[in-house]
Each structure stands twice: as C-alpha cells, then as structure tokens.
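Right after this note come the structures.
In the two complexes below, subunit A is the common chain; its partner is subunit B in one and subunit C in the other.
After this line comes the complex of A and B, so read on.
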C-alpha cells in the first residue's frame, strides 16, 4: 500500500512535467529540437546537483539558506588552491577538492545547530553572511579573470559527451556535466536507501528521540547530512564557475531561488522529513523546462521572473491538492 | 523599583538599553564631531524607520513560528502600484485631483500588502507548506509582478506629501521616526493587549495547544500574514518617501537586517517570545553599529561578516549551555566580591 502511494506522488510530477513540455511544444515546435533539448539538459546540471544536496539537509528536518555562499566559497578556495600550487587542474581532482572544502564548510553549520540545539535555518542566515564575505575582506579584489583561472577547467564548457550535427548546421552538444549529475544522483540514492547511515538521515527527520533510542548518534548523522549537502553544493559551484570562465562572488547568488524552487517541486517537506532523489530530479526537470523555454516562446524578458514565480506556485498548489486528495481516498 | 528589576523580561529590556547606550558612546567617540549632530541623528532615524517597519513585518510572522522572506518584495510591489496611482500613471484619467490620487494610492498600496498576506497565508496555513519555501517562491512572484509593471526601469518622482514625509521634521524629529513609532505602538497594543496577539504567541510556542484551546490555527496564521503584509506595504511607502523613486529590486539586503533586529529582540530565542519593546530598542542598537560602520567607511564584505558574526553570537549567547557558563562566571564574581570587602 505504501509503495503504491509513493508511485502516485511521483506520477503527479511526471505528468506535470510532460504536460508542461507538451503545451510548450504545441506553442513552439522548436522546443523539442535537438539543440534545445541539449541546452535544457545542460541548464539542469547546476540546479540538479545543488538541489540534491539541499534535499539531504531537508530530510533531516532542517533547512539551509547558505547553500549559495558555500558553493561560491568552496569554488573560490579550489581555484585559489590551484593557483597557489601552480597546477592547471583536471576534471577529477577539481570536484574532489571542491567537494571536500564544501563538506568541511557546511559541517560548521551542522555542528553549531546540533551542538547548541538551534534551528539550522537561523544559524545558516548568519553563516550565509559570513561565508559570503569573510575571505574577501583582506583581498584586494574578489574577481578572478579568465586568464588567471586554471586553464584546464575552462575546457568544461566545450567538452561534450555527445555532439549532434543538425541539418541547419548548428551543433547540439551534451555537456560532460551531465555525467557528474547522474553519478551524484546514483551515489546519493544508494547512500540514502541502501546504507544504514542513509536510513539514519531519514530517521532523524522523522523522529529525533526515536533515532537516539535505536542507537544512532544524532551528531554524527547531522554532520554527515551537512557534509553531503556541502559537497554537492560545492561540486555544483565549481562546475558553474568553470563553465562561466570567470569568478565573481555575486554571479551565483540569484541561482539560489531556483534550487529552492526545485526542492519545493520535488516534494521535499522539512516538517515530515520527506524527500527522494527521484522527486528532486523531477522537480529540477520541471523548473528547467519552464525557465529555459520562456525566451524561446517569445515571453518578454521582464515577464520571466513573474511567470516562473506564478508557475511554481500553481505547480505546488496542483501537486499538494492532488496529494491531499490521494491521502483522503486512501483514508476512506 | 525592585519589582521592575526583578522581572526577567524587564531585565532583558534594561540590558538591551544599556548595550545601546554603551555602543552609542563607543562608536560616537571615534567620530564625535560627525556622530553627535542633529543631522546624523535625523538621517540615522530615517534609515532606522525603514528597517524598523520591515523588522515589525518579520516579527509578526516569527512570533507565530514562521518566517517571511517576501516582505521586501511585497513592499516594493505595494509601493510601485501605489506610487503609479499617485503619479497618475495608472487610472490617471479617472482620478484627477492630487489629493484624491494620493489617498487612492495609499489605499492601493495597503490593499496590495494585505492581499499578498492572504496569498502567503493560504499556502502556509491552508495547504500546510513550510513558510520559508512558500515565501521565497511568492517573493519571486511579487518581484516579478513589480518587474512587469515597471518593465525593468525605475519610476522617478513622488508627490509632494510623500517626499515631505521622507525629508521633513516635526520639532527636529523626522516624520518617519514618528511613523515608525506609531507602527510600534500599534504592534505593542496588538501583541500585549489583544486575544489575537496571545493566540499568535501560543501558536508559535505550541501549535497543537493552540488548536486544542479552541482557536483556529488557520485563522490565526491568516491574520498574522495579513498584518505582516500591511506592515510591509507601509515599509514600501517609507522606502518610496526616502528615495522618491520606485524600483522592483530595491533593498534586497534589508531582509537579513530585519531578521537580525528581530533576533536581537529575542523573538527567535524563545518560541512565541519576544517583546515589541525589545525589538524597538535593538533597532537602535543595530542602526548605531550600521552608522558607525558607514562613517568609518568599511567595505560591504566587512559589514556582512560583522552582521553574520553578531547573529551567531546572539544566538549562541541565548542557548542554555552558554547561559549556564555565564551564570557560573557571575556566581564566581559574586563570591569573590565579599571576600575582597573583608580583606579591605
């Protein structure tokens, strides 16, 4: 019975995704062209990895506002680290180093909130301000130019795992970042569902007292959840800045609202410690389809924020109401 | 006198007052000829009024256990709609007289503020979603709507009454400070004297208890979001009167300052706690630090770091673990003091 309910929650999101895609494709057939599909998938990489991290914290019943500062700071530290040792970087160590930095930084949040039993959200408001600025106080400039970036990292933008030459002569490239997203999602799914610690993270969001009685250490679980969160956000951050080719602290700030929106669409609920990898991926897919296609559909630029906001709220309204109806039917 | 000092809530108010005065003296002594002037006082209190009203809009929600990230977006939207009516950009043909435009504009701003509260309230209370997520989504909606109305440009200019509100004084006290004071008196009345205020506190402390004592959580939350929207709209008009211009993305950083003020006032530390009076005093405290930083010309990075560190420090200082350690220190000091007296 439980299994069936899960399928139903998921089905609502997939149906919503297909519905939006179909409507868009009817209005403008170019939405489904190879170029656009590839660019949509490329757009979803950053959002997807960051939202998966966000979900891990939300499962424990907390919420973290500092995701974008952690992302920015760990990308900055990684770039500086490469500069200092004079290495041009490569695709594997960059994710590993950024991930480690991110995990360590995010664990500060987890430690403070768990040790002093404070709300993780309120702590993150403060650490968000600190992480976003403390390293730049003593630096002359917070900006890294394209020449000063580790040069191998810049190849992230052009490296494709699949390249299609369409009839019009435009190439459709599927960026290498999608591999990172798929690997992260797979690893996180295995961790959350198949390991004891992963089940502990779910349990912590469900009932804090019960977790302790069963024999888990709440501190360990919180720290691990925050470390996973930090690592994911940092990986997304280093990918974003390598892709952009320059570094500037503010560039990433307005990406945060998309990540939160994906988490909302993905069915994350801090109150009950709900959230799943599949749900998040569906949420990311919906947000990306809406956000990347509005310009193609001919919506003026200054309507985009409003349209995205309205669609998020309508989508949430729709999926919450249908979920509630499902639950009521089950109750009967 | 002893009763006043003995009350724990009053002690907090008095210590906040002391901190504020000490801060003012320390920061003022760095720059005495700039800091202790009537002009600085007036510009400080004008800024303070703006942050103060946003803090109030935040406080209303924090008391009932939520959080409102959409206050600045609502404020901008309300000010843009109201301001467009005042300047005759909307309904300019129907309402001709300047006074009527002003009044209708104010009404429009307030109505939009309250309606935005209804939307937030419906999603939080009606659908049972988390306040942070909902308000960050509606914030995008309201900011987007403001962007649609202004088409991404700024609307410059304000009617005389509005610009006078932002620049003139009454007997040396800026009108804006009086307006903020009025808002705080209203809030003080609502949260200390009415049943609604008590319900909000109960809801914040224990939602189940509120439901079982015969109050509807839905109605309480809805009302508090409407009140928050109302204060946001007033905050928007205050911003408008200070800038005499309307932008959709004005003052985004004010949200975290408002949260800092509310936190310092003690609303987050105890569920359903926090006194309006304390928030009003901590407002001065924050504004003095902020002005001090501006006068000494620090960068945005330093300022943000200080805000963040302050926020964490206030949070930690209120936790039981640290409180115990503090009181033990106090106990040591007290035990030592009489010994010294004997020796002398």
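After this line comes the complex of A and C, so read on.
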C-alpha cells in the first residue's frame, strides 16, 4: 500500500509535468524548440541546486528563510577571496570555496537553533537580515563590476556541453551548469540514502527524541544538514553570479520563493521528515516549465508571480491530501 | 557467575535537595519477568534511567552478569544487553519497519554506510524469531500501536538484549494487542531474556510478571513473587495506606436529570437510549472502537447527531458544538486530558478559570472581575484538595492525578448539571485514583448527574451504581453494579 502511494505521488508529478508542457506546446509550438528546451534546462540549474539544499533542512523538520542571503554572501566572499589573492579562478575551486563558505555560514543557523532549542525558522528570520548586510557594512562597496570579476569565472556563461545550431540561425546551448546540478543531485542522493549520517537526517525529522536514544548526536546531524544546505545554496549562488557576470546583492533575493515552491512541490514535508532528490528534481522541472514558458509567451510578470504563489499552496495541499488518503486507507 | 543477570545494590540518587532514590535494591534473573511498581514520583523512572546509563548514581553498585559498575554510560548499558522500550517506543514514523529495526544496530556497530538489503535481512531475522507478521517495507507511521511495539521489541532483540525494560507496555494497547504481547513475552522469557515492566495497570502486568518490586518515596518497600500479593496488598504497599474501592450505592434516587432517546450517529452507534437520575453514577463501558468515546462527544455536542433526542430536566436540548453544551450545563472531561482538557504550559489558575471567564466578565465593557475569579478558583482547589505549589505554576508541574483534578475543577466551576467523564483516571496512580473516585461519588450525591465512560472495569465497578455495556455501537446490557463482578463484566465485553 505504501509503495503504491509513493509511486502515485511521483507519477502524478511526472504526469503533471508532461501535461503542463503539452499545454504550452499546443499554445506555442516554439516551446519544444531546441533553443527553448536548452533555455529551460539552463533556467532550472540555480533553482535545482538551491532546492536540493532547502530539502535537506526541511527533512529535519526545520525551515530556513535565509537561503538567498547565504547564497549571496558566500558568492561575495568567494569573489572577494579570489580578488585578494589575485587569482582569476577556475571551475572547480569556485564551487569548493563557495560551498565551504556557505556550509560554515549556514551552520551558524543550525547551531543556534539546536543549542537553544529554537525553531530554525525564527533563527533564520534574524540571520537572514544579518547575512544580507554584515559584510557590506565593513566593506562599504557591495558591487563588483564585470571587469573586476575573476575573469575565468565569466566563462561559465559561454561554456556549453552541447551546442546545436538551429535552422533559423539561433544557437541552442546547454550550459555547463547542468553538470553541477547533476553531480550535486547524485552526491546528495548517495549521502541521504547510503550513509548512516544521511539516514540520521531523516531520523531527526521523524522523531527528535528518539534520534538521540538510538545513538545519534542530534547536534552533529543538525550541523551536517545545515552544512549541506549552505553548501548547495552557495554553489547555486556562485554559479548565478558568474553567469550574470557582475555582482549585485539584490539580484538573487527574489529567487527564494521559486526555491521554496520547488521544494514544496517536490514533496518536502517538514512535519513528517519527507523529501527525496527525485521529488525535488520533478518539482524543479514543474516550476521551471511553468515560469520559463509564461515568460516566453510574454505573460506579464505579476501573473508569473501569482502562479508561483498558487503553486506553493497547491503543493502543500497536494501533500496533505495524499497523506489523508493514506490515513483513510489505513483506517479501512 | 551469579544467578542474577542484573543486581542493583544500595543505589541512591539525589536531585538538588530531593532524594529520588534511597538505598534501592533490585535483582532480576535471566528469563525472569519482574514488575516495578509504585506511584508517580516514587523513583521508578530514575531507577530505569540509572540502569540505562542516562543518570549516574550517587552511590551504590550495579552488577551485570557478575561484573560490578559504579555507574554506566548509555553505550555500556546497551553493550551489556540492556534495552529500554519507552512508552512512546522511540520509533521513526517516516522510515520503514526494516530501517527502524536495523538503525540502532547499525549505529551501535559503527556502520558508516546503509544498505536497504542488509537492513531487511537483519530485520527479517528478528521478526521471524518473534513470529509476528510485519510488513518490513511499510512505513512505521502506518502501523497500529501494537505493531509499533513489536517493532520496538524487534529492535531491542537485534541488539542482543538480555534484559528488556518496558515502560507502561500495555497502556495504549487494545485487549487483543495485549494478548498478542503476552505471547511475545512468553517467547522472550523462554529464550532466557529478563524483563522489567514499569506500569500503572497492575492487573495486566501481573498476568505476565512473576515477581513484583514496589518502590515508595524512593525506597524499596517489598520485593517478592506475585503469589504473595493481592490487589489490596499492592495498593497498600504503593500508597502506604489502605485503599479500598467500595462499590457505589446511591443513598436515594431523585428525579430524572438527563435523558437520551434513540441517539444515532451514522456508522458509529444507533438506538442509544438511557436516563440518568439524581444521585446515581451511570457507567458506560465498552471496548476500544465500541463507539463509547463518539457517544460522549455526541452528547457534548462535538459530533452532530443523525437522530435522537436529548432532554435535560424535561427540556429538549439542541446542541451545536461544545459551547452550547457548556451553556446548557453539560461538562465533558475528555479521554486525553493532556491534549484536549488542559493548557499544559499555562498557569493552573487560568486553566481552572477557562470555563467561567464569561461569568465573571458580565459587564458592558467585558472587563474580567479578577478578584471574583480568583476566589472561585481557590474554592475549587480547596474543595478538590489539589496539591499544588502556586496557582501561577503551569499545569505541567503537577502530577497526573492532580492534573486530572484541575480539569475537574474547571468543569465544576461552571456549575454543571451533567458531567461526562471519559476514562477519568487513565495514567493516574492508585492513590489519586481513589481520591478521584470519591470525588465523583460525592458530586453525584450533591445532585450532579455523573456519567463515567471507561474501559477500566475495576473503576466502573467501584464508582458506578448502574452500568451500561456498549458493543459495536449498541447497548447490549444494563446491570446494577452490585450484581456484577469483574469477570462477568469482562465476559460481557468480549461477547460480540
């Protein structure tokens, strides 16, 4: 019974995705052009990596509002770090350094909430504002112009793993970032499903008292979950700013709600310690296909925002309703 | 090697000024099942926590299989083969049965990686040993309470437990599940596993325990084979005074207070009629799922009835929600006082006054008459002899019995005409239980119509003057309490 329900949830997501895609394709056939498909995939990279991180914290039963501040601050620190040592950067260390910064910053949230038994959500309301402003207080300037950026990083924009020349002359490029998303997803899947610590993250979301009784250290697990979260949003952040070619703090701020929408639509459930890599990827696919194509069709931006909001509500309702169905089946 | 698996010798433990344990001894042989009993706060939990390595004793000795320790760490305790199954089972609802069983084993053996296949194999081994069918791939969330307990037992067995300590093992189980548990326990004993039960429900635990150890105020009172005890003796040792549960005989029956005719709630109960007269305590009993709780909630207006008529002093009632029931003069003590009857972290005074605030704010501005409210609350606390430090302490600081009295006080404050009590003494120790029973009888004598709904048969027999047996949503019998004994009543319940 449980298996059937699980398959159902995932199947529903895939069917929903195909359905939405088909509707868009009927309205505008260009949706399925190589250019647009590549562009949709490229659009999903930031959201995908960040949502995977968000999921890890949500499985433990917490919720973190400061994801975009952490993302932005770690990217900024990484760029500054390269500037100080006078290095133009490379595709490997940029993610490693940003990931480390992100992990350390996010662990502050985890530490405070676990140490003082506070809700992670409340802690993150405060740290969100602090992370978003602390460094600029000391450095004054918070803007990095294109020519001051580490130059190698800017190549992220133009590096494609697949390049198709369509008949109309427009190029369809699949950006290198998709490799980062796939690697992050694979690594996180292995960690969450195949390691004892990864299972501990689910266990913490299942029962906070029992987790200690079976022999886990709740603090360790909390810190690790937040570190994974911080690393993911930071990797997403450095990718985003390299792709943008310039650093401005605010550019990233409004992306937070897409990340939350994807995580929720991907089946994350804070109350029950639920969330899976596959679910998140499906959630990201659904949100991306809706958002990118609404923009492609020239729908005004408020309608797009409206839709994302509705999707968050639908996602929450969806998981609650499928849970109720499960309960009813059990009662029968 | 000594004949005992575990010997506790002269263990003491103090918390600040409070002496929780004072020179306590406890001995268990392999394959023995022992019941550790005592009222709330007698030191049972402290003793268990010392055995499981959570607390360090101030003095004394813990001897496991002949090896002496002055204190244990949790890891040492597990390594020595001691497993505690807490009342909440400490399971993970979002993980599968197999993973729940294997998780602690994996952690204890410092496994870094996880394999579903290995978890399944480990789990299958112990589940087969115990001989209870369990779907290893089901999420624990979807299991019944009894099945969850089996999962917890399996987890303990996988860690090669030689002593399993079970905290309130039968409290949340249905009669059928209890029977299944007894069978499992017999199997464990046959394998030489020692068991310690910590429980309030002595009748049930005594069926499986061979010996009994009673603590009172942190001291050993008595320890011996169960044949040496009877119910009265146990109550005496636990409370230090004679606790007598006498059947209730109303002095005189007055006029009809409350009447129900042909109550019906689709799919739950039907054809329910009864009347309640002044001075009597009416008992309604039935197994879990017989519809007894639903009936209580329907009478209190929480569930809209599909048919039937309720009359209070000859006037027909039309209840919509608990609010209208309170206004009509009906009070309801829910089964689960902790989640439904109390604001646990809120002051005692505010809990008791929750139902009467309106009465003390009858002025145009709705300003609360705090002094009046306080007098009323103090009077109730006095009348019910609630033991408390300060009215401003949170309810959670009180013992179970006193918490239950706070709920009672809240209802009495509204001056009810009829009071419905659903399992009024669940989780309450023997001494408080007797007090609550006395209170119920006194209130009946004062003219409040009392209806007690319970599956605790001794309770029904000692507090009610008339008993209605409910089965599958119907009344199947009506008896005077004096014509009944526990076995007959048990038989009535089991009869389908």
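Worth pointing out:
In the analysis below, the second predicted complex is superposed on the first by the 302 of 332 C-alpha atoms of A that agree within 3 Å, B and C clash if a C-alpha of one lies under 4 Å from a C-alpha of the other, contacts with A are read in each partner's own complex, and residues count from 1 in each chain.
Assume a contact is a pair of C-beta atoms (placed from the backbone, for glycine too) under 8 Å apart; a residue touches a chain by one contact, two chains touch by 3 or more.
These figures come from a predicted structure and were not determined experimentally.
Of the two partner chains, subunit B is the only one touched by A:63; subunit C is not.
In the superposed pair of complexes, A:140 makes contact with neither subunit B nor subunit C. Contact with subunit B, but none with subunit C, is seen for A:303 once the two complexes are overlaid on the shared chain. Of the two partner chains, subunit B is the only one touched by A:264; subunit C is not. In the superposition on chain A, A:272 makes contact with subunit C only, not with subunit B. More subunit A residues lie in contact with B than with the other chain of the pair subunit B and subunit C. By the touch criterion defined above, A:195 lies against subunit C but remains apart from subunit B after alignment on the C-alpha atoms of chain A.
Contacts from subunit C toward subunit A in the complex involve residues 74-75, 78, 86, 88-95, 99, 103-104, 106-108, 111-115, 137-139, 141-142. Taken together, the subunit B residues at the contact with subunit A in this complex read 67, 123, 127-130, 132-134, 136-145, 147-148, 151-152, 256, 259, 263, 268, 299-305, 307-312, 315-316, 319, 321-322.
Put simply, subunit A touches subunit B in their complex at residues 63, 65, 112, 115-119, 121-123, 125-134, 136-137, 142, 257, 260-261, 263-264, 269-271, 301-310, 312-313, 316-317, 320-321, 324.
The residues of subunit A lying in touch with subunit C in their complex are 1-3, 193-199, 202-203, 205-207, 209-211, 213-216, 272-274, 326, 330.
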